[in-house]
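Multiple structures are listed underneath, in structure tokens.
In the two assemblies presented below, chain A is common to both, partnered first by chain B and then by chain C.
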Partner chain A sequence: MKKVYSNKLTIFLFILPALLLFLLILVAPIFMSFYYSFFNWNGFGKKEFIGISNYIELFTSGSIGFPKALGNALLLAVLSVGIQLPIALGFALLLGKGRKGERGFLSIYFIPVLISTVIIGQLWLKIYNPSYGILNVALRALGLDKLTRIWLGDIKTALGAAFVPILWQYVGYHMLLMYAGIKSVPTEYREAAMIDGAREGQINRYIVLPYIKPILKISTIFAVTGSLKSFDLIYVLTNGGPLHATEVPSTLMISMLFLRNRYGMGSTIAFLLIILCFAFALIIGRIFKDKEG
Partner chain B sequence: MSKDIINAVNNDIRKDSIPARKFKVKEVWVYFIFIFWALINLFPVYWMFTFSLKSNTEIFGENVAGLPREWLWSNYERALKVGNIGRYFFNSVVVAVSTIAIVMFISLMATFALTRFFWKGRKRMNQFFMLGLTIPIHASIVPIYVTLSRLGLLNTYFALIIPYSAFSLAMAILVCTGFMQELPMELDEAACIDGCGAWGIFFRIIVPLMKPAVATVSIYTFLQCWNELMFANIFISDSVHKTLPVGVQALSGQYMTEWGPVGAALVLATFPTLIFYAFFSKKIQASFIAGAIKG
Partner chain C sequence: MKKVIALLLTVVMIVSSLVACGKDSGNNNGGNAGNTSGNTSGGSNSGSSETNSGGSNTSSDEKINLTMWCIATESDSNRHAYEAAIADLKAAHPEINFTWEATQNQEYKTKIKAAVAANEMPDIFFTWSCAFLGDFVDAGRVYCVDEVYKKYASELPEVMMGNVKYDGKYYGAPLTMNIVAMFTNLDLLKEVGYDQAPTTYEELIKCCDALVAKGIIPFGCSGKETWCVTEYLESIIEKTAGASVLNDIFAGKATWKNDDVAKGVEIFQEMIKKGYFDPEGMALSNDEVKANFIAGKYAFYMNGTWNCADFYNAGIADKIQVAEFPVIDSSKSKMGELIGGPSDTLAVAASSKNAEKAAEITFELARSICKYGYLDGNGLPAWTPNYDTSSINPLTQTVADIVAKSSQMVLFGDTAMSADKANIYLDYVSQIYASAIDGKQFVDGLAKDIQ
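So, the complex of A and B:
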């Protein structure tokens, strides 16, 4: 038995396909993106080494507008943590207490997560449509004509209008994770607290929340890194417009690559995004750890 | 005497009834909120189904949110014939199924080496693979695009299947490890005594017992592939190989003023997921939980 299970060649053969795929598609490209970020390159011709000029240009050039795009993504991250997660947590606590029909409601709330973001985006495009969209139609029907807007076409409202579906779509996802955590709280804990006379709010505050802290950490990391990476819905709804009002780093990266053929600059944005995602994941992990101590 | 009893009973009723009524009022509010949020989540889906069956005159004024007065199935015919949705649907299936097959096979092999074999550094190797859970797909877009175009592999199924497989690998290994660790080593020993080698144990004993892991990983991988936009949008530009998200995107650009066929395309792209979800909601939810929470 031991002999069979310590044969080096067999181990190597079993692990090789996964390792190759992993190294070639996930690991190597990170280093390649880092390498490309020091070049001025249109993807096909000669690469011209320009040091850190891409990084400098990215943060100083007004025409690229990277700081604004990053600011938008960070705003989305703040809104996700400040609005999306509390809604999810609130529902998860209400559902997890053990109410009739809780699974049914949870299943309904999860539906938007399953639907492709392109479909969600297309539906919201139609909801926001200035002349026929259900939002403006409803406002007109209520006699609130003054409130109707060209939601996605107006610089003032576009960012907010684009963020609503993003925040809405993933509430169910976080809710599911939190609900699963809440359901794993041993019933004895709950009962003991109830015998001691704790009210529902106290049970949630002192028993449930500390218990599901690892899940709150995961949700926070996903919400923040997901916001930094956000692409699909912005791409479908506005593609960064009008006048870059809804630009996020990902849409900027795609337009650098495929509209302006600036592969070096695109790689610079990609690399910065990776670093930011890792950095935020680490920082959030640290914050949750501090609270434990 | 009897008065006292009546009083006591009345007091009891009062005692019970006051908190009970409070409780009920609160419960009503909770359910009111539940139903309100459910409607917000269901409305877009309901609206999509209804306008996919309506004519422009109904959508644009007469009957915005109600059930269609005249059920216009021709919208679906046009989405399929003119909009090419059938082809995109087929492409999405090919890509998703191939990806699942590759991910399953490769991750089961790797997990086998990581959980059953004795070797130094297998813990390290496992942690290394788990890094994949946090690497964003953005990281690889430029290098993979450049490589694919040099190899002339843009606009092929291959261009999507390989990256999708790679990005699903970490989650697959995570889930498979959880299940495989629970299989007792006695199984392997018995098989070994019966003359099975490592490959025999893997294919005859382990793989057949991994059905729950296969189901979990397949569901998760399927949904990731079915809904993915960024890679599909960039690596595929000819309509022969477009997957549903890209195809639907193209179709809605083509039919700016006619919502019916677009709605039909949206429904066609969504209903497999929804029907599947209607039957296996618990299993699907479990796969999402498994994908998020490390053992």
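So, the complex of A and C:
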């Protein structure tokens, strides 16, 4: 049997169905998007080859506003890494020490990940509602009427208001990843450090964090690529408005594909998004590798 | 030997799985879009009343399978009209297996475009006329209904077919038609001394000033759904610059660079600056704004006349007056110039295996939906009514009177223009509502970007 498994033809035949699915479902659409990005095409009419015009227009056209959308996604990525991951790490470190009610807290923090994004969107829509939303109601109750806003309707506050639920929703997800890593740290390491007189903070810094570095890398990649392709909550909360203040590349892509009938331009955005996600995943991998080195 | 057996087994496994996949896809191919008709569990979809999974092919018992997609979801005011029309159709045509599926408005636009792109359309589909349908016609995806129309021409005036006519040929059957109207809450107006909707622009401004002074918000408008802003803006531009000017601009025959259009935009912005519009509207959907109007938060609500049924059903018809937006510049415009027209349409997919039969059914359905929709108060009939209309709600009857006196109609801008242009236009409209640009920037920008 071992001989059979080591036979290259057998291995190839076994992986062939999965490989075909991978090529047809993942790789082929990427190449198709790349191909369509060179055309002016409404999705059902005649295609007109226009070279790299879509790429040029994407970065220069004011009516499309791709640089702003990309900037918003990058800002979300920065906030995810700068706010979401540290909070998740903090919770994971707290729970990882085996506090009372550990499992209960773990479940509570993970609930937002389990709930449908559309439901979370609707929930936050109600929270932000300018008339009866709990945020404005609370501010009024505290006598802070001046701070009440039309949170999702004002271009000054919409982006921040849309980012809060996105960051909030996935704290539990990253926390769970990190928690699993922290729990796998051998107790002997902790005990040895404690015998040597290390404090809690020092144990976390010199033992736990280096130990869970691969998980931190994965979390960072998920946070950054997730931010770049963020769509669902933005779509439910603001659909990119007001005045494109909350536009991200994915909402722009949907708008190009299905509202403006510009399949060529939509494919251009799709292809750039894929490239950006791959590029950031590689860069983050390299950064963590350098640090390990 | 073992090696050979293992290899053979592997090959058998792969081949059998591929064959199985092949069989599945073969079964599905027959169904085209219709194969989803039995499954109505997804999201906002609803409404399939049959569960046969075939497509537009003829089954063994000689029944013809036809599928239809539309936007008459459970919450849509036209839902009853569709249900009643389909019930009539089934009674009259037992030889047809009719399945239908409804999807919410915005999602439907995405869905039908994807289906057209993949050439996997249902036999009959709901569409908006003019540019929306025009893109599908240009791509050769829509069945020409010239021959079938001849049979129904006596009941469906040619003037109503103008928006589904491309290169001299007809590609759809219109349902109801609607206009933009100013719905007025008379209870709120009474609080500032008015017993009817203002009939002149000056009177409207005085009324709004009085309402603001009293702490009542004059207008509610959703900024989240830009088409709602166009209902106001287009009416104001029309009553400032005239219907002909706006019609020519939407049709691409005249430039956006027009001082009267810029003036109309600035009048609209002046109304916003004076606090005539609910500032919270920027973050609200149209449903939320409409609910606020029904609850008595706003004195006026400008929107399509399909709302008549909802206001009537909400029990507020007795305190609502439907009126036309008053003339702003009487040297350029006059009462009777309206925004609206027949836009809701049923069309037939060119790929339908029973296209001719589907076309006939489309006209029968369109006639019935128009009838029930009109009786329900969801709009005015594109088809000539040959039935008792005395039970129609008073709001719709008033709309009928307004339309009867109209001299010219301008179709909604986002329907009249192609998808790309319409969305650029909507972008500019949302900037106007947020006061991010002024009238001159609006006309200059549109002239540059879409002309």
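Note that in this section the second predicted complex is superposed on the first by the 276 of 293 C-alpha atoms of A that agree within 3 Å, B and C clash if a C-alpha of one lies under 4 Å from a C-alpha of the other, contacts with A are read in each partner's own complex, and residues count from 1 in each chain.
In this section, a contact is a pair of C-beta atoms (placed from the backbone, for glycine too) under 8 Å apart; a residue touches a chain by one contact, two chains touch by 3 or more.
Since we're looking at a predicted model, the values are computed, not measured.
Applying the stated contact rule after C-alpha superposition, one finds that A:Y206 touches neither chain B nor chain C.
Applying the stated contact rule after C-alpha superposition, one finds that A:F49 touches neither chain B nor chain C.
When the two structures are aligned on the shared chain, A:F59 is found in touch with neither chain B nor chain C. Contacts of A:T10 after superposition on the shared chain: both chain B and chain C are touched. Shared-chain residue A:D154: touches chain C; no touch with chain B. Put simply, more of the residues of chain A are touched by B, taking chain B and chain C as the two choices.
Touch criterion met: A:I215 reaches chain B, while chain C stays clear of it.
By the touch criterion defined above, A:Y263 reaches both chain B and chain C.
Contacts of chain A with chain B, set against its contacts with chain C after fitting on chain A, overlap at residues 1, 4, 7, 10, 14, 17, 43, 131, 254, 258, 263. Residues of chain A that touch chain B in their complex: 1-2, 4-8, 10-11, 14-15, 17-19, 21-22, 24-26, 28-30, 32-33, 36, 43, 91, 94-95, 99, 101, 105-120, 122-127, 131-132, 134, 137, 168, 172-173, 176-177, 180, 214-215, 218, 222, 225, 229, 231-232, 235-236, 250, 253-254, 257-258, 263, 266-267, 270-271, 273-274, 277-278, 281.
Note for the complex: chain C touches chain A at residues 2-3, 6-7, 10-11, 14, 17-18, 109-110, 113-114, 116-117, 119, 135-136, 138-139, 141, 223-224, 279-284, 418-420, 423-424, 427, 430-431, 434, 436, 449.
Those residues of chain A whose C-beta lies close enough to touch chain C in the complex are 1, 3-4, 7, 9-10, 13-14, 16-17, 42-45, 63, 128-131, 150-155, 238-239, 241-244, 254-255, 258-263. Those residues of chain B lying in contact with chain A across their complex are 27, 30, 33-34, 37-38, 40-42, 44-45, 47-48, 51, 59-61, 64-65, 105-107, 109-110, 112-114, 116-119, 125, 128-129, 132, 134-136, 138-146, 162-163, 165-167, 169-170, 173, 188-189, 192, 197-199, 201-202, 223, 226-227, 229-230, 233-234, 244-246, 248-249, 252, 259, 262, 266, 269-270, 273-274, 277, 281, 284-285, 288-289, 292-293.
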